[in-house]
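Here subunit A shows up in two complexes: once beside subunit B, once beside subunit C.
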Partner chain A sequence: MKKIIILTIILLLTGCYNYKEVSDLAFISSFSIDYTNNNEFNIILEIKENNKDNLFSSYLLEGYGKTIEAAIQNASLSFNKNLYFINLDILLISSNAANLKLNNILDYVTRDNNFALDFNIAICDDSKGAIENILKKEEIFGRYINTLFKNTDNNVINIKLNDLLNSYLNHYYDIILPIINLKDNTIIIDEAVIFKNNEIIEHLNEKEISIYNILSNNLMDYYIHLELDNNIVFKTTHYNTKTNFKNNTLYIIPTLTGSYIEFENLNLNNSKELKRITEKINAKFNNEVEAFIDNLIKIESDPLGLKRYIKQKSLHKIKYRISTNIVLENKSLIFKSIGGK
Partner chain B sequence: MKKINNYEYNSTLFLLARPLFLGFGIYQIINQIGSFFWISIILGIFLGLIINECSKFLSRFKALKIVISIILLVYVFYTLTSAISTLYLNKTPKFIILAALLLVVIYSRNKNKDTIFKIANIFFIINITLFFIMTFSLLSQINYQNFELITKFSVLKIINSSVYFALLSTLPYLTLPNFKENYNYKAYLFSSIYTLILFTLIVGILGIPVASIYKYPEYIIFKKISILNIFENVQNFLFISWIFECFILLGITSNNLSKKTLLILLFTIFILYTIFITKFNILFVGIY
Partner chain C sequence: MKNLKFIQNLFNDTPDLVIRTLKRKYQSIYVVYLESVASGDRVNSYIISPLTLPSNYKEKIEKSLAGPNLKIITIKEIELYLCSGFAIILDGKKLYAIETKADLDRGIDDAKVEPAIYGPKDSFVENIQKNIGLIKKRIKSGHLKTENKLLGRYSKTVVSVLYIDNITKKELISEILTKLNNIDIDSINTSGELKQFLSNENKNVFPAMKLSERPDTIVKSLLEGKVIILVDNSPFAIVLPSVLADFINPTVDDYSNSLNTNYLKVLRMCCFILTIITPAFYIATTTYNPEAIPGLLLMNISTQRFGVPFPSIVEALIMLFVCELLRESDVRFPNNYGSAVSILGALILGESAVASGIVSPIMIIVIALTFITSLIFNEVEINGAVRSWRYIFLFFAATLGLYGFSLAIIIMLLNLCSYKVFKLNYMFPISPFDFSYLKETLIKIKRKKLNTRSKYLTDNIRKQS
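For the complex of A and B:
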């Protein structure tokens, strides 16, 4: 009798019943959500091949539905595998879906334990074109985009689900998301959008993204191009921004540490000239940061979370002072500049 | 009952201070007090040490021990079934999960208490190993900005949360045999510091707004673990430490009841849960 009970328990409670092989699972790498003018969700799923010989190939499923779940069901109608989002690399949301249905989307991907927590989120209005563009190169789109986000040479906004949820749920922050563009058959992430009251309000260009990354201490490389009589490029190796609120004024103090990597007709051994140039670079950078903060105050959107310092719900009439600081360090291999005076 | 050595007893003390935090415990404290969680927990630890001294006296009352054992059995069955159903076996009906747990408890009741203490010693070693793996792989994920004080300071809420922490961490000790003779405050302190570190990791990684929406933030942070970019998605494996702690509590509490009482209780739990378990949250807690 004991043996029969043990055998029954083993067969019923150890996964022998109703088990699934790994090959029965469809691992999703990219998930794109659009909200159409017909008030329907249009979703695209990029599924990684479960095939040893085809490690870098994937295929797409597309579906429509009144809800996200209905659209996924519609996409997988003739599909014989279980969809598995635990290895999701990127979630692409169209501008329309972000403006109208961001709360639905966030709730859906957060509620289900089948989803990962560490995937990137970006705005993309031509996700099908973008994914197919990468598929043609026999690469997996999600994995490819992941490498773009990880590369600190690209000044991108790197937002993962946890960051987005934090901005969405924290009333001191407004959302910021990168945009994936398809330009001349190439994928580039050179723009971002910021939200106000959960609607897209402004686009940021590459320079503004760099300033955002510096002010929020996101580790990315930053280049300052100074167009004087001699083209000078200052490249940061690291930076740190301190922010504090004293005497009713917000002090923002970014410190950039780096070196000159490219210039014309500049003698780096002339300390006076070096100081003059550095002061100019500092002033230029200071102006750029000021313009950036002025714009945020004008549109009353706060992706930097400055409201948490002033403990107010609006940036309106905020007093602030920017004090940038450039620290030079020499990491070059040569003492003198080639061709320099 | 064979002699239980100090290591085994201390391991059990360590493990029993944590299972009641599974599910509602962590959720409640973070929701209630947010950024000031650490003040509540430190106060709660001191309060817990005082309660434990009182428990030395209270543990003499057998009736109290039985009542608390029944309450904890019912509560742990409910939380553990819900956790397994939500995190592991999403498509399995809850009563099947519960049935499996009931069988484990019946089996452990057939063994002596010293078997539970010996198992606790093994589970303690596994849990500590998993804890170090977890802590070292998650330290780099902490964002210090998440510790900024974004919730309002409220003395009442801090006291409330610290009492809650103290009760959740000390209540299981009342079910232990020979508590007065074998209690070691260091084991409780060690276990509470472990819980404090866990709270710090949760808040540091997720932030208060995100941590306060999840039912199991202690599981969600495990999703962030990536060891050398090779070992990922190990959350289901690491979460097993919570299940071990619950098993020890179930084993200890079930041993306080006679076999007949236990069978009647388990049968009643099974019937009631089968009917009400899916409606329990909405009916009694008001949370979907």
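For the complex of A and C:
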């Protein structure tokens, strides 16, 4: 009996220190950080309603402070719930904050164990406008953006905190982040930025993003369209890029598997013609990849981590060769196509 | 006359004592019996009629009553035989006991506690001789031994210890017989009572021996090398020793396809774990470690708890208390009222409790899962043990979260692994590992491959060639 009493007292005295009811938590869906000209952090928190009647609504808290923590404290001054970041959907960082305080921001979210490692990160310069735009549609911004990232038809760079930290802490890599733009009252993720020495140095367009995704083997199932002059569209279903370094040359071998889904004046029953078109597409993609890598060499930024193959600090002296391999899939469908003649 | 006076003094103020006087050649003889336990018809046909025949007038009593079960007894045994339904014949100094028991027990009925769809339907009754008969009907071998004991100063209950002498270990038999010999109590009425004298009850909440009403289960246990104890007036046999695996794997599994049965065995094991940990895991994760719950589910739980005035642990305790209350009232109340109790319970738990904001719907799901998974075991004792551990887990989870929950798991495993029943580890056949017994309990394989007995239970391990 004495043992039971002692055990009970020990548990009651040492336990319960971090007890909190789940209904007292404020679930944060999106977290935006900006760095103002007054050298202050401006944070916006989007909090999901945990009310039975308003399941798809959220509200915003905004705060300013010399540090991120001070800004969060300032935002939650009049708030009666515990801020809960574990289920954070997205962290939005303004270009200014990314250029000046990326190190502090990443340090803060990794040091605080109130954050998980699986939320998306994106650059957004008008985060308040973007969040309010989605709130007007009675949707939760963080959840909405998450679905945009998960949608396989979207050509985006899907970077989560753990991926970003992998690149950030590896000196062979430079960081790449997607940009969320608000154009004509619509949220679009069609750009990305490349960093060098923690500063934004280059913007990537949609085409470059797709090349980046193919070369870095990002496990996305979206379809890439390679269009030729006579409106022939090659649609990939999956891809795989192998890279190896031999005889002072870096061989990059992307293999794109797919089929022709749209064409004019093309006889698919003619194997020679099919081969010729395939070679043309091969060459076109080769050129695009070459241009992309040449640009990376020019700006000396390496989001693909090519430096880890050549074991050099600079990409300037790199020799490389691209050997694209287009594989036609599902031939029976191609030959039986009614659009062939 | 001395013997008759002794009986009259012993059974003073006993109105059911009947003394009949019969005239014989030289002297009168007396037939004494208790009409509440002896059958008047049998006394007439077995004793009175033969002795009053003119042809038997001069014959000795042993010759006249050659048919029925007749024993010559001493004066000290009069009380036991009279109370057991025997008629006593007082012939001078000689005392004869003739079995004239009334039929006070019911006939063999269907198994109520351990029903089986395709197994045999018969079950034990309150008559020990019938129960032994049901076992001997299935084991037609002289190796099946029965040792009888009389327990209880007043009840003088017949207790039979059954074993198969060339299978069961001698040490186990002698240990059990020693324990039985050491019992000194006023009365033993049921096997449930006897069980408490054989086990170290207060050491562990888990039951040390299994009670079964099925003769086929008992026969299987005997052939595995276990000892069976039957108690007169009790329709349950005690199986010694019993381990945890015996409680969660009924013998009726033997009557179905092995693949399908294995699924059920896994299901039962999951239920055993779930019924203990479900409320504790819910409390630990929602109040201390919400990060262990997927975001959307956590959000739903939070939404459902909106407006509930109690902390989750109080909510869980209220629900557990109400459910225990319902179960107990359902068990104790006459069957005719059972449905009313269930409907009332369903109304309280389902609709009203949620509508009034006392508990959240998710808590109802948690507690319902806890209770549904506990209903899979028909052994009341194992349910009691599970209930105790459920509260221990809850206490640890409510004070230390998932860390406390893990501590409770370790404590429970330590407790189970260190618990021994008649020198057999309670976690047997997992620890110590024994594949022969594992095949009989936790998994089921082809009948043809069940060719050995466990070496921990018997030295005679070969079952079939």
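Here are a few things to note about the model shown:
Going forward, the second predicted complex is superposed on the first by the 304 of 341 C-alpha atoms of A that agree within 3 Å, B and C clash if a C-alpha of one lies under 4 Å from a C-alpha of the other, contacts with A are read in each partner's own complex, and residues count from 1 in each chain.
To be clear about the criterion, a residue touches a chain if its C-beta (ideal position, glycine included) is under 8 Å from a C-beta of that chain, and two chains touch if they have at least 3 such contacts.
All of these numbers come straight from a predicted model, not from anything done at the bench.
In the superposed model, C is the one of subunit B and subunit C that contacts more residues of subunit A. In the superposed model, A:86 lies in contact with both subunit B and subunit C. Once the two complexes are overlaid on the shared chain, A:308 sits against subunit B while remaining clear of subunit C. By the touch criterion defined above, A:27 lies against subunit C but remains apart from subunit B after alignment on the C-alpha atoms of chain A.
Within the superposed three-chain model, A:110 lies in touch with subunit B and out of touch with subunit C [touch as defined at top].
Contact with neither subunit B nor subunit C is seen for A:283 once the two complexes are overlaid on the shared chain. Looking at the shared chain after the overlay, A:170 reaches subunit B, while subunit C stays out of its contact range.
Common to the subunit B and subunit C contact sets on subunit A are residues 86-87, 116. Contact residues of subunit C toward subunit A in the complex are 286-288, 290-291, 295, 298-299, 301-306, 308, 311-312, 395-396, 398-401, 404.
Those residues of subunit A lying in contact with subunit C across their complex are 8, 11-12, 14-16, 18-23, 25, 27, 48, 50-52, 55, 84, 86-87, 116. Those residues of subunit A lying in contact with subunit B across their complex are 9, 13, 86-87, 110, 113-114, 116-118, 162, 165-166, 169-170, 172, 305, 308. Taken in their complex, subunit B has these residues touching subunit A: 86-87, 90, 100, 103, 145-146, 148, 150, 205-207, 209-210, 213, 220, 223-224, 226, 233.
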